[in-house]
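Here it is: the structure, laid out below.
Letters A, B, C, D, E and F mark the chains as written, and numbering starts fresh at 1 in each.
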Amino acid sequence: MTTPAPRYPAPELVNLPDDMRARILEVQDKAGFIPNVFLGFARRPAEWRAFFAYHDALMLPESVGRTSNLTKGDREMIVTTTSAANSCLYCVVAHGAILRIYEKKPLVADQVAVNYRKADIAPRQRAMLDFAMKVCLQSHAIDDADFAALHAHGFDDEDAWDIAVITAFFGLSNRMVSFSGMQPNPEFYLMGPVPKPPKLV
Amino acid sequence: MTTPAPRYPAPELVNLPDDMRARILEVQDKAGFIPNVFLGFARRPAEWRAFFAYHDALMLPESVGRTSNLTKGDREMIVTTTSAANSCLYCVVAHGAILRIYEKKPLVADQVAVNYRKADIAPRQRAMLDFAMKVCLQSHAIDDADFAALHAHGFDDEDAWDIAVITAFFGLSNRMVSFSGMQPNPEFYLMGPVPKPPKLV
Amino acid sequence: MTTPAPRYPAPELVNLPDDMRARILEVQDKAGFIPNVFLGFARRPAEWRAFFAYHDALMLPESVGRTSNLTKGDREMIVTTTSAANSCLYCVVAHGAILRIYEKKPLVADQVAVNYRKADIAPRQRAMLDFAMKVCLQSHAIDDADFAALHAHGFDDEDAWDIAVITAFFGLSNRMVSFSGMQPNPEFYLMGPVPKPPKLV
Amino acid sequence: MTTPAPRYPAPELVNLPDDMRARILEVQDKAGFIPNVFLGFARRPAEWRAFFAYHDALMLPESVGRTSNLTKGDREMIVTTTSAANSCLYCVVAHGAILRIYEKKPLVADQVAVNYRKADIAPRQRAMLDFAMKVCLQSHAIDDADFAALHAHGFDDEDAWDIAVITAFFGLSNRMVSFSGMQPNPEFYLMGPVPKPPKLV
Amino acid sequence: MTTPAPRYPAPELVNLPDDMRARILEVQDKAGFIPNVFLGFARRPAEWRAFFAYHDALMLPESVGRTSNLTKGDREMIVTTTSAANSCLYCVVAHGAILRIYEKKPLVADQVAVNYRKADIAPRQRAMLDFAMKVCLQSHAIDDADFAALHAHGFDDEDAWDIAVITAFFGLSNRMVSFSGMQPNPEFYLMGPVPKPPKLV
Amino acid sequence: MTTPAPRYPAPELVNLPDDMRARILEVQDKAGFIPNVFLGFARRPAEWRAFFAYHDALMLPESVGRTSNLTKGDREMIVTTTSAANSCLYCVVAHGAILRIYEKKPLVADQVAVNYRKADIAPRQRAMLDFAMKVCLQSHAIDDADFAALHAHGFDDEDAWDIAVITAFFGLSNRMVSFSGMQPNPEFYLMGPVPKPPKLV
């Protein structure tokens, strides 16, 4: 089957403004490929810049002079779990890959994507995901009991903000990626530590 | 009843970085008050800057050198309708107020917030809201038929992007405002043209 | 856009039976206008008479020789909140207006319509609305725990009946008004106490 | 297990006002027993009178000088189907019994209660139930296409009103009966024509 | 209305393999008729044999050398309740009939089918149905608290397995019966003890 | 964190009846490991035998003398997609692995599990999955239009039966695996063809 022309074609790297091209080349240098979202959103530079500034403020708090009690693995676990609730293939695959790397668990991405309640994660992470899922699906109903459940696992209100804003930001990303039909790069599917392959059928 | 101390107290205007304070004073000068979201999100400057840069890129496209076929009223109508679907009081009240002003219709904000299908709006706006609601609630299921329904009313794919990204961005905002318990300023409730008050009961 | 002929045109006041016309004129005299539901339902006199007899038995208990622990504001709050859950514009706007008057709070109608969980109401009213919403959305699942939650706030079983029957009756009204396309009178939108209007944008 | 005292005990027939007692005795004379709803709702006479006046205006249109294109069986079919959607045991059992009598089909009540889409009913009745179920579950979304689907089967707008108001009225009844824990009389379960009993297991 | 030819016609009994015919004749001899599922599924003998082997392992545990703390009535109650949740007419009617026989309660089948929460059953059976309904509708969310609720009523983990596998197996049956349009035999509707018929209307 | 003792410990292979042990050793010989479901369900031999007889009748039709127009890849795609809808980790991971092998597409399992509507599959397979998902989630509402949509892609009614029964059978499996807390073998996660791993972050 031939693929139809994309509805929102990505611009060429060479045609992008310098700041955007520099950032993208930096990612390519580190990861070995350019994740599609970098070029896919680049057709609107002002939105691109706001998106990645927001992204970095949340996912790289040190880059904006802030520390966070959430680990890198925690953050990616929130993204993978809530993106699965939003049925966003790109974010499940891309952030699931990074999650495997940070958590050093080859199975964790599939586990949280399909059913985080049965995943092999710490009770603290389970509480974190319960809160994230409520922000994702029923933010209007969050109340003091939801914060208390976080506090019982050592999270404070700044951590709650982190969980909420990561969930909310990737909810934006999930909707844009799904709406525009963006696909994850094949390279993501197997990034990170993996179990030994068995003898095949 | 005494109000408990807020979980996320807003910083004082005087303590904010210059760029943030300048922007906020500009808003206050224009509107006559400071919408709570400006101070409520200011506790995290990097997130604040990304949020309002994103906001302006979508809601003030001319400010980033872009034109849009959506009118100012269209944009506020999308925000009001999808924020109601997310049960976000702040955004329904604040953007409903601006919607009344731009559309010059005192009833339209309540209409789209309660049931946009029965609102007194143009068929083109009804199609716009159908698309926005699908991005809001079922972005994973958007397909070519949804775009075709927009095209039938004269929207092109750039307009579809506008509808989607405004919906997605305010979905982020809805979740942050609801999660953190932010309330709309009382001033918003009656902004804009209003019908003649009747004799009261 | 020209409005199509209504599917269910309202009869002329002059053509109505004496008892109905008298009641309607009394309302007009008090409110300054005739709420549309009075003429909209008048096309079927027997149903009209039963509807308003039922209405008065619930909303004006003294008129049938009964007292109630619910205040007038409580009753209108139940109507506004559950009508919003049923997406009924007419009842949200009309009863929201009366709610503002009785509660002397300009913001309360919008608050309970969009998200009653975050509204500035008494804990007792919050419990009342929790019960009403369960009658509205899941009446088959009401059990002793739901009554106990009411009792904890000083409501007795007669009050529970009041909450339930007001919710159930306006559920009927919501469905008839939505199905038949009835619109609220513009006069309702701004009835009641209102905050000072700000300087406009 | 001993049954707890009922939360809302029914009054004694002998203590009721004359008009109510007369009506109830008339029903008892005809049916051979007093359906529980007649005594269960009698504790509030004004509500009782409005309820049964409304009931008669809808279910016995000739009694209020109106004719209807819906048959008696049609009306009971609407009640049985929508009451099942509301999980109301009393109305499913009581009106299912009457439905069997009017339709002369021993199986039809169970069929429409469990899955009206697979019931052995006329296509016209299927369209009627589709409309009724939309009024029951999504009245805010009814639009011209729903009326057109009725018209295609020979229903006019007055018939649509009948379907809607019967659905809406029994939605009220369903909620009151479920909330108050009213049980159907055992006599209802086997009223109407029944198939020959088989040899038992 | 003439019935269209069935999409999946049942084979003739005479054409079936000996083992299947023998089993079916045995059922007919006991019940007085052949339940439609026996012939309806017989068009694929290998699936038929697996289906009924599974059925017997669950519903006739003694036939496979196993005992169960669930009574015959318990098992049929699970089937009737969860089949109603899946809107499967055949299983509600057929297993509701057997439920009436085993429980010796003429009303219980309708009660659990319409709203098991209000049925006249033991608290132990209510807990059993809560667990069954969670397996039916949200199996991914079952956790230790659900098992603890069973244990509080004297069920052990083997009983939990019984409840789960009966629910899961009839979920398979519900889907096949609904998808293929299979109807229950009329004989089922009135099997079992029944209340005295009243004087008809 | 130490893992608690499993609620339903699997029996030792050596203690199983000969027929079960032989079948399991055959699987182990072919796959290189014993999939957990084989031992997890073995604690109830009669159920185990019925389960795998059913499984083979559906997934290995040639083994029961039947041919099917569904390919091996089609069958595994149905299982992976509907198991994801049921949030069953075991079946998504195990059958996703086999799906990758049969379809020779390293990405297809993740694609259909997260959002089959956006997966890179043939239109015929998309129609197949639409039908499977309706059997999975709304079997009571399947009607002629659903069959017609299959026919338009060359499927006949026997193929429809195959799609339905595979969906229904794995719905049973999903519920049992989730309820009992069974985990997939780590070996499954990377079975099948995989893309070249990128340079890691």
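As a working rule, a contact is a pair of C-beta atoms (placed from the backbone, for glycine too) under 8 Å apart; a residue touches a chain by one contact, two chains touch by 3 or more.
Remember, predicted model here, so these are calculated numbers, not experimental data.
Any chain bridging chain B and chain D, meaning touching each of them, is among C, F; the list is complete. Considering every other chain in turn, the ones in contact with both chain D and chain E prove to be C, F. Of the chain pairs listed in B-D, A-B or D-E, the one whose interface repeats that of E-F (more than half of its contact pairs identical by residue number) is A-B. Averaged C-alpha coordinates give centres for chain A and chain F that are 28 Å from one another.
Averaged Cα coordinates give chain A a centre that lies 45 Å from the centre of chain E. Shown for chain A are the residues in touch with two or more other chains, namely 87-88, 115, 118, 140, 178.
Chain pairs recorded as touching, per the definition above, are A-B, A-C, A-E, A-F, B-C, B-D, B-F, C-D, C-E, D-E, D-F, E-F. Interface residues of chain B facing chain D in the complex, by the touch rule stated above, are 115, 117-118. Contact residues on chain F toward chain E in their complex (touch as defined above): 7-8, 44-47, 49-51, 53-54, 56-58, 64-66, 86-88, 135-136, 139-140, 142, 147, 157, 160-161, 164-165, 167-169, 171-176, 178-180. Per the touch definition, chain C reaches chain B in the complex via residues 1, 30-33, 84, 87-89, 92-93, 98, 101, 106-107, 110-111, 113-115, 118-120, 122-123, 178, 181, 183, 186-192, 194-201.
Contact residues on chain C toward chain E in their complex (touch as defined above): 140-141, 143.
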